[in-house]
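Read from first to last, the chains carry the letters A, B, C and D; within each, the first residue is number 1.
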Amino acid sequence: ELSTPATPGTSLDLRGIFPPLATPFTARGEVDYGRLEENLHRYARIPFRGFVVQGSTGECPYLTPQERLAVLSCVRQALPPDRLLLAGTGCESTQGTIAMSLSVAEAGADAALVVTPCYYRGSMTSAALIHHYTQVADASPVPVVLYSVPANTGLELPLQAVLTLSQHPNIVGLKDSGGDITRLGLIVHKTRMEDFQALVGSAGFLMAGYAVGACGGICALANILGAPLCELERLCHEGRWQEARDLQLRLIEPNAAVTQKLGIPALKQAMEWFGYHGGSCRAPLRPLNEAEVQELRRDFSANGWL
Amino acid sequence: ELSTPATPGTSLDLRGIFPPLATPFTARGEVDYGRLEENLHRYARIPFRGFVVQGSTGECPYLTPQERLAVLSCVRQALPPDRLLLAGTGCESTQGTIAMSLSVAEAGADAALVVTPCYYRGSMTSAALIHHYTQVADASPVPVVLYSVPANTGLELPLQAVLTLSQHPNIVGLKDSGGDITRLGLIVHKTRMEDFQALVGSAGFLMAGYAVGACGGICALANILGAPLCELERLCHEGRWQEARDLQLRLIEPNAAVTQKLGIPALKQAMEWFGYHGGSCRAPLRPLNEAEVQELRRDFSANGWL
Amino acid sequence: ELSTPATPGTSLDLRGIFPPLATPFTARGEVDYGRLEENLHRYARIPFRGFVVQGSTGECPYLTPQERLAVLSCVRQALPPDRLLLAGTGCESTQGTIAMSLSVAEAGADAALVVTPCYYRGSMTSAALIHHYTQVADASPVPVVLYSVPANTGLELPLQAVLTLSQHPNIVGLKDSGGDITRLGLIVHKTRMEDFQALVGSAGFLMAGYAVGACGGICALANILGAPLCELERLCHEGRWQEARDLQLRLIEPNAAVTQKLGIPALKQAMEWFGYHGGSCRAPLRPLNEAEVQELRRDFSANGWL
Amino acid sequence: ELSTPATPGTSLDLRGIFPPLATPFTARGEVDYGRLEENLHRYARIPFRGFVVQGSTGECPYLTPQERLAVLSCVRQALPPDRLLLAGTGCESTQGTIAMSLSVAEAGADAALVVTPCYYRGSMTSAALIHHYTQVADASPVPVVLYSVPANTGLELPLQAVLTLSQHPNIVGLKDSGGDITRLGLIVHKTRMEDFQALVGSAGFLMAGYAVGACGGICALANILGAPLCELERLCHEGRWQEARDLQLRLIEPNAAVTQKLGIPALKQAMEWFGYHGGSCRAPLRPLNEAEVQELRRDFSANGWL
């Protein structure tokens, strides 16, 4: 068995799979809290470590601040207390990020997941980002998880910033969605003396992430194929790599379809096929056309999921 | 004389130079409305066509919605009525952008400057962007100006989307900060039958923009060197291209210094040298270090501005 | 009239338009020297300043070293002595580039056009490129023209390297195909004390280039629309900017079609329509399909050229 | 134990580690065949599967065609017959690539490693690349291995092209240096019914590559740390993933130092420290400065290799 890195003394154990929850809307475009709760009810049967709200998958940039907190409260109340709840709190400004971190802590989040600010990306040097995250971590009542997602932000949290920030007592880990497995391995290696946990940000390289020492994954695909992802985690933990590989390889195309290829509209469409409430997205995200729906279905069926 | 494109029937004549206003802050980080008014008082002597609030230069992503509207009201009251006031209203969601456009119109803006949504850039196809801008333009009580700024958004508004949107009666122009003069020329050429005005988004290629048919510029450098930029505009209008070139070439390095090279902290530092209130930026933007201040000074002095 | 920068004492006056010659092949894929001569015979009526062989447009990477020199000799013999002949000599290695520069000088080239080496682009620092070009310029019996073409090489010759190299007595200019008009203006500005000439590398921004002080252009489109390009040059020289603009804007789409959009196969196809020998390309370049031919034709006809 | 994919009927079994050989030069810059043989003599003790000549690491773009074949012959003669010899044969033209493949086959290469042509990258569509490789594979007397190295070429061989080409009977595998482990896994998955072998192109993600089903690696670092890389291969094959991970993580920084960070000059410098002949590079590659040498040393010593 390949054990994940020991993290003694860490206040927050992030080992496991977390779905970044999609946000269902009513026909009139309001957040549909009832359907959100029904999804959570079904997710309760799957051995997830916890959930993420206010991530990219939840259309967080399209929610008002009030809606964000209402979604968080709704999820917190629907969850058994042993499941972790991470809440995205990253804003462009340091001040706004701190304010949001205070709010989510009060509303019951166990940790703040903080995406890199990026609008002035030319000025977001390693020094600026270290300063930003240090201020946020100093002020946040709950632990901070760094979040690097170049496909959305056009900016990768520099390795040197990650290493420096890994030493902050209130920064407990990193979600890395960049897909660079060499970088992920190096982060594991260079932070091995810290209580610092690396989370894979996409189901496409979850097994490779476990292979190099990641402790879990925050995977959009877990909204749809949560049980297989938890099974993949278990196989990796038990050192059953041949089986893990067979499973991992069948997940790459479905994952790509609902992320970089067709995006959140596809994720929500596929949720419907698997018994969850997905529904439509807020504009400017557009519904899939018929050809895209067919392509999406093929990516699931060709890999044995439909 | 090289006349700019005739725009008969256009409800809003954008010909001229617009500073996207920087936002001064107090030592405690609050918006300093007094100093903002003092800047505007000084700008009143310069023949600007108008002003932009809530642009990138104004640290708009770091202002709360309340602050954004308060800044707008402050500027509107300080301006003579013959100066145009454009307000940035672009949010990630279509709904949010519409709401903000309604608010700024009520607060006295003459037009809404709408940056491309970009967080889900993989899904921001030409079709999605056309739908977004059409919804916004249909709902906005004031005319809409498109805004493409790939350096910040990682996304260029596709040519085909610009051409389609140029036909909307409530879309009057485009601010293009991408610096691709061939594209700018082609946009002028392909929209020549529409009431559609192209604005250069940076002082670095203002003269080249005029050469290919742009009607003006929204230039961060106008916060500092507003009079020379208006002089450059005049020289281009009068067909005095040799003089225009001599002036343009001296503006490239100062402009680069306060935009892509050293950013808004440099812009605000240089404002101080020229008698305006600049001051510090909100975090995560960082103050310049001493070496950067020297470099900034050199970029102005080597071109005869200090 | 807007005079181009004076270049007293420059041994080689590059002012004007240069077609980078396409290379016709026989049905069996051999260089067709007869058809090349026929093209040159027709080009003789157009007031080009000179010609370029072994550029990207000539499929130079697909010619053997022997063929390259044979093409050069053929062109040299077919040209009146008052037309300049520039020959591409850039190889990945410094040694290879020097050897090729010696060969083309012997075969009658007036200057060597040296593209940036790029295979190890991570190691092609400003210092490495300065060293490379200095060695080449020291050794070359004919003047050297720098050549930056990021679309092909994935690498832009850094501004600082251009400025340093502009001081070398045997480096007389730069062909810049990057399309960044701000950079081009800055190069003109910062080399104004040197005998250094900037050439626009694409017809898409030729007029803008003249506006900021370029002295001419090496334009693939000149293989097809040579006379209009020379007319555009004349209008810029005579300060007739309104007419220049009208002409320039009609050239953007045809130029894009035969360069970035459809490439050399399109250029050669369009040459046929205008009475030149184009013909097919060497593999792996592929012939246009029917839809592409239609699109190409539309880009010329919609702008009044067909 | 995690078995690598079975490849019954494959004419060429590529399972294992291959160093892409560096090329030593004399003080006068000539290929130093004696030192090359001495390196090979030392490499004979390491259980490599074979060797690659004419790869990027061998400064192949800086060798003349004559030198390339002479290096190949030298290596072939120095090798025991049970070691495979792969030779880079990729040229920009299809015709040139075919000619080189014929030559290396005659000189004793077991396979041709064919990098993507890239100069006209805008025209190198999936269709063009499929046509190119098909022509080459049809003509080559020895099996063809595809080679995708975006860091050098600025172009990734598209997935669809890989899948189509995997069905060609004379195309036996792919060296992928891009580092995208999700893509690599998908290639393994989608070619599982073919005799097609995936080789990792960098030591940085070798273990992750084995985890998703790659069969071996062509790793520049094998010029220096060949034995540990073969040990890593063995651990992966024997399913000892915990030990494999500990070893893999110590190899990332040394590997990065001699590839993307400091390049071939660093690789050759480090070879000297480990008892091989490295020496200097051909221009325009530049020697390391003292600070770079120190950084390089630190990247090896901090990971326990020096």
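As a convention for this text, a residue touches a chain if its C-beta (ideal position, glycine included) is under 8 Å from a C-beta of that chain, and two chains touch if they have at least 3 such contacts.
A quick note: this is a predicted structure, and the numbers were derived from the prediction, not measured.
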item: Centre-to-centre distance between chain C and chain B (centres being mean Cα positions), rounded to whole Å; value: 35
item: Centre-of-Cα separation between chain C and chain A, whole angstrom; value: 50
item: Touching two or more other chains - residues of chain B; value: none
item: Graph class of chain-chain contacts, one of line, ring, star, complete, other; value: ring
item: Touch relationships between chains, expressed as pairs; value: A-B, A-D, B-C, C-D
item: Residue numbers on chain B that touch chain C, as the complex places them; value: 2-3, 179-182, 185-186, 188-189, 202, 204-205, 207-208, 211-213, 239, 241-242, 245, 248-250, 252-253, 256
item: Complex contacts: residues of chain C adjacent to chain D; value: 29, 56, 61-62, 64, 92-96, 117, 119-125, 127-129, 131-132, 135, 151-152, 154, 260, 263-265, 282-286
